[in-house]
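Data block below; observations after.
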Amino acid sequence: MLLAPLIATLTRAEGWTGLRPSDGSALWFTLWQAAVSAALSVLLAIPVARALARRRFPGRGAVVLVLGAPFILPTIVAVLGLVAVFGRSGLVADLTGWSPPLYGPQGVILAHVFFNMPLAVRLIVQGWATVPGERLRLAASLGFGPGDTFRVLEWPMLRAVVPGVFLVVFLICTTSFAIALALGGGPRATTVELAIYAAFRFDFDLGRAAALAGMQLAIGVVAATATLRLSLPSGFGAGLDRPVRRWDSQGAILRLQDVACIAAACLFLLTPLTMVLAGGATHLPDIEASVWRAALRSLVIAVGAALATAAVAFPMALAVASGRRWVDVVAVLTITASPLVLGIGTYVLLLPVTNPLVWALPVTAAVNVLLALPFAMRALVPALRDLTADYGRLSASLGLTGAAWLRVVALPRLRGPLGYAMGLTAALSAGDLGVIALFARPEDATLPLKLYQLMGAYRMADAQAAGVLLVVIALGLFWAFERAGRDADAG
Amino acid sequence: MKTTSITIAAGLIATGPAWAEPLTVYAPDYFASEWGPGPAIEAAFEAQCGCEMEYVTGDVLPRLRLEGARTNADVVIGLNTDTAQPARDTGLFAPHGVDTTDLSLPMAWTDDTFLPFNWSHTAFVYDATRLADPPASFDALRRAPDDLTLVVQDPRSSVSGLALALWIDAIYGDAAEEVWADLADNIVTVTAGWSESYGMFTEGEVDMVLSYTTSPAYHIVAEGDDTKRAAIFPEGHYVMVETAAQLAGTDQPDLAQAFMDFVLTPAFQSIVPEGNWSFPARRAGDLPDGFDALALPDKAIAYSPEEADAKRRAVVAAFEAGMRR
Amino acid sequence: MLTLADVTVRLGGFTLRADLDVPPGGITAVIGPSGSGKSTVLNAIAGFVALSAGRVSIAGRDVTDAAPGARPVSIIFQDQNLFPHLTVARNVGLGLRTRGRPTPEERDSVDAVLARVGLEGTGDRRPADLSGGQQSRAALARALLRRRPWLLLDEAFGALGPALRHEMLDLLSETAAEAGLSALMVTHDPNDVRRAAGRTILVADGVAHPPVRTEALFADPPEALKAYLGPRAGT
């Protein structure tokens, strides 16, 4: 599924031009910025995750939900939000008179931290949840202070969890394109994905585009091989609403420290979002009917992609849980697949068979399923493993197999992670622009495409309103799917 | 009975669609969107030909090259002069067959494949309320203090960005890399496309944005705002011309030719100014009010498709090298 | 003296009341039917559940608001008494200090207490390499090192077989007496109670009754205990 589009792209290459020297520096920049972005995301996420893991407070669920928001935010909306806050005429500059250096490599890194720190928080909170309550109770009975708990319990957990989280964020950052372009400040901040786009756009050098995509995939292969040694972050579908009862962290200073961590994270992550919403909300009533129709189309694609993800990820997760780990490696690999080459390749593959335009919407959904697969797998695989470990023998002794097992045991028990996986896919595909821009007929325009059309026609205010709509749809879908999974979990 | 059936059949033929298949036009997204000139042009052409046409949007040139001879396109629209040559080299196009002697372009037009339909000059647009004293020449821009901020588009991914690179090449020749290095202090960021740049400009993020001399017309006409202006440079401004062309392999050559013949007529050209916020290739009567107020350069710079294509690699390399310094 | 003064604990729909004194010295058993709240009594003393009302004091000190680790008690659970990723010696050493490296003297104390509970030479192993009985011994060793005056056992030996359990109870009696510790032991086995506990607290119908002498209690069991012990009680 990953290689076919790549090979298809290569078959259409008009001669082999190979890579250019500038591609080497693109590779270097890609790896460098991804490493820094991932390291910062993880480092900043640890205290926030720790605070969330050990505090219970009203609205905690809401905080966890909105902390998930940046990751699923459409890039263009997020970039405008970041500019509104950290830009030269942004909020920070207005309030302090100092304008942060938003443009350049540091801008790319800032944006990546904005996108991925919440993901890291989520994954690491999950790690905290894996520390058994009994062990914390034992620690409390031995009079452990926060430092002791950290050394004896949390540090070993972090050592096991953090490398995997780092890897996932690192891989996500290696495929970055739009962010690098909008905030990168120039050719110095050229990523591999951007080089692919440039090779495609004017040079139409498909050989080079495919070679670059292959290079990107190679990063993924190296990383994925590493994952066989690392314990990948797991199970971010469930458990977030159950902070473990802690006895070691009731001191006022610790409390204050945690409150400060959570507040700072919310401020950093939510202000850009709020700026986008505030900027566009007033123009919402002016939105034309066609934009609403595009919104509906995006909604349908998103729900379709979510259902397809469930259908694809479930059997794959089952395969991994029953020992076929290579399937897991494939799933990690898809993080580094170039969406652009995926799109081009699919187009080339469909062309001799059918009119690809007819398939624009399904293909958009399909590519997004592929891109969301690694996250869906991360949620499903560990849950399935636990299920097999905990209830495998019981199910077997009762003769529960096949469809019956699926209906009675697996689906009800896995609705949490499944809901999360579907919510994530839905949100990501609602905000996706990459593939549809390559394929669409005007009557197929999705909401992100409409947003770009509005911008292209000087209608910046209407574009902001469309951005609000996009945020609402993406977040709403995520919330709805996750909620559906969680309610079932509780029931 | 028999006569009745014949009458009905004859009636069906007479009133049925004159053309079985719609005319397929590949167009850039902005062109065919409901806020671009596309829908009005489609309606006007359909009324005239009694046929149907449909747009297929996206990146016109890469798509065409992907599809090759298998393409469904009958006509493509929106290829600009700087990217026309690679399109010509595909061998997919047929001559436009339209008389181009009487155009309102700032240069002579001799290309027999690509038919121009609109144009504008590349220019830096600023807000007069925020920038009272814009650079008076490209040289002044080049030597502007660092606190003058610019946003431009990437020549590797954007036609307007490529136009800037060619513009600098046309003025400065071998010193282009120097110029980029000088501008690098002022360029806040380089965006993938025009939209992101212009969005940053209207948000007040930068003083000047790489756009077109006709951009202020939008603000004057649609918003009643005359504070957005293009800075005019005596060195001359690079001209961006958009064209239409018909495919040699079209299965409806007559209809495609009908469309080509339609491009320079008043019915099409009158839609261009306020549909595409640019100048029509052949003026039909007066331009809308806002266009009269536009500041325009005396000197226009243009490369032919062949020249632009030959220079593309070098001017992009100058951009990459200069900006990296 | 360990005192629960007018204590009320509410957990969901369940309520437990206790108003009693436990005199120091020896082993006091806590028995009662399943779900009666035996473990809740222990958790209230250890600080793992919040009280709705009342006070807990140990040796004259009010510990109602103290954190679990700050109370003069050690607790041994049925399982999960050892951190699986630390060696046995490290686990036991946590009874002396929770931070920093142990001093040579402390290492000697750990070795000594391991020897005392019959775990010589196991210090470098991980808990997973120990049998269930050995794990209990290690947990006991740590409690002995901690020297908190009260030792709480929550079905601590519940997973062991009868012979092993009796062995552990004897070891507990001996070592607690040597170290001058008092023990409070939740169990569901009347034989354990009769074997090791001088006094017994009966928990039934949401009330923890003050401790009475075990022999007296079993000689003339109240209705609730009779029901728990079943028709063959006393035989």
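A, B and C label the chains in the order they appear, each numbered from 1.
Simple rule for what comes next: a residue touches a chain if its C-beta (ideal position, glycine included) is under 8 Å from a C-beta of that chain, and two chains touch if they have at least 3 such contacts.
The model shown is predicted, which means the values in this text are computed figures rather than measured ones.
S.K.: Compute per-chain Cα centres, compare each with the mean of all protein Cα atoms, and return the closest chain.
M.R.: Taking the mean of all protein C-alpha atoms as reference, the closest chain is A.
S.K.: If you tally contacts for every chain pair, which pair is highest?
M.R.: A-B
S.K.: What is the distance, in whole Å, between the centres of subunit A and subunit C, each centre taken as the mean of its C-alpha atoms?
M.R.: Computed from C-alpha means, the inter-chain centre distance equals 48 Å.
S.K.: Taking each chain's centre as its mean C-alpha position, how far apart are subunit B and subunit C in Å?
M.R.: Using C-alpha averages as centres, the distance is 84 Å.
S.K.: Give, as an integer number of Å, the spacing between the C-alpha centres of subunit B and subunit A.
M.R.: Here subunit A and subunit B have centroids separated by 36 Å.
S.K.: Okay, in this complex, where on subunit A does subunit B touch?
M.R.: 12, 14, 22, 76, 79-80, 83-84, 87-90, 103-104, 107, 178, 181-188, 194, 197-198, 200-202, 204, 288, 290, 344, 347-348, 351-352, 355, 357, 437-442, 445, 449-450, 452-460, 463
S.K.: Across the complex, what residues on subunit B touch subunit A?
M.R.: It is residues 29-30, 32-36, 38, 54-59, 61-63, 65-67, 70, 72, 83, 86, 149, 154, 156-157, 162, 184, 187-196, 198-200, 202-206, 215, 218-219, 222, 277, 312, 319-320, 323-324 of subunit B that touch subunit A.
S.K.: Where on subunit C does subunit A make contact in their complex?
M.R.: For this pair, the touching residues of subunit C are 46-48, 67-70, 73-75, 77, 79-81, 83, 85-86, 94-95, 98-99, 142, 146.
S.K.: Within the complex, which stretch of subunit A touches subunit C?
M.R.: Going by the criterion above, the answer is residues 132, 134-135, 137-145, 147-148, 151-153, 156, 247-248, 250.
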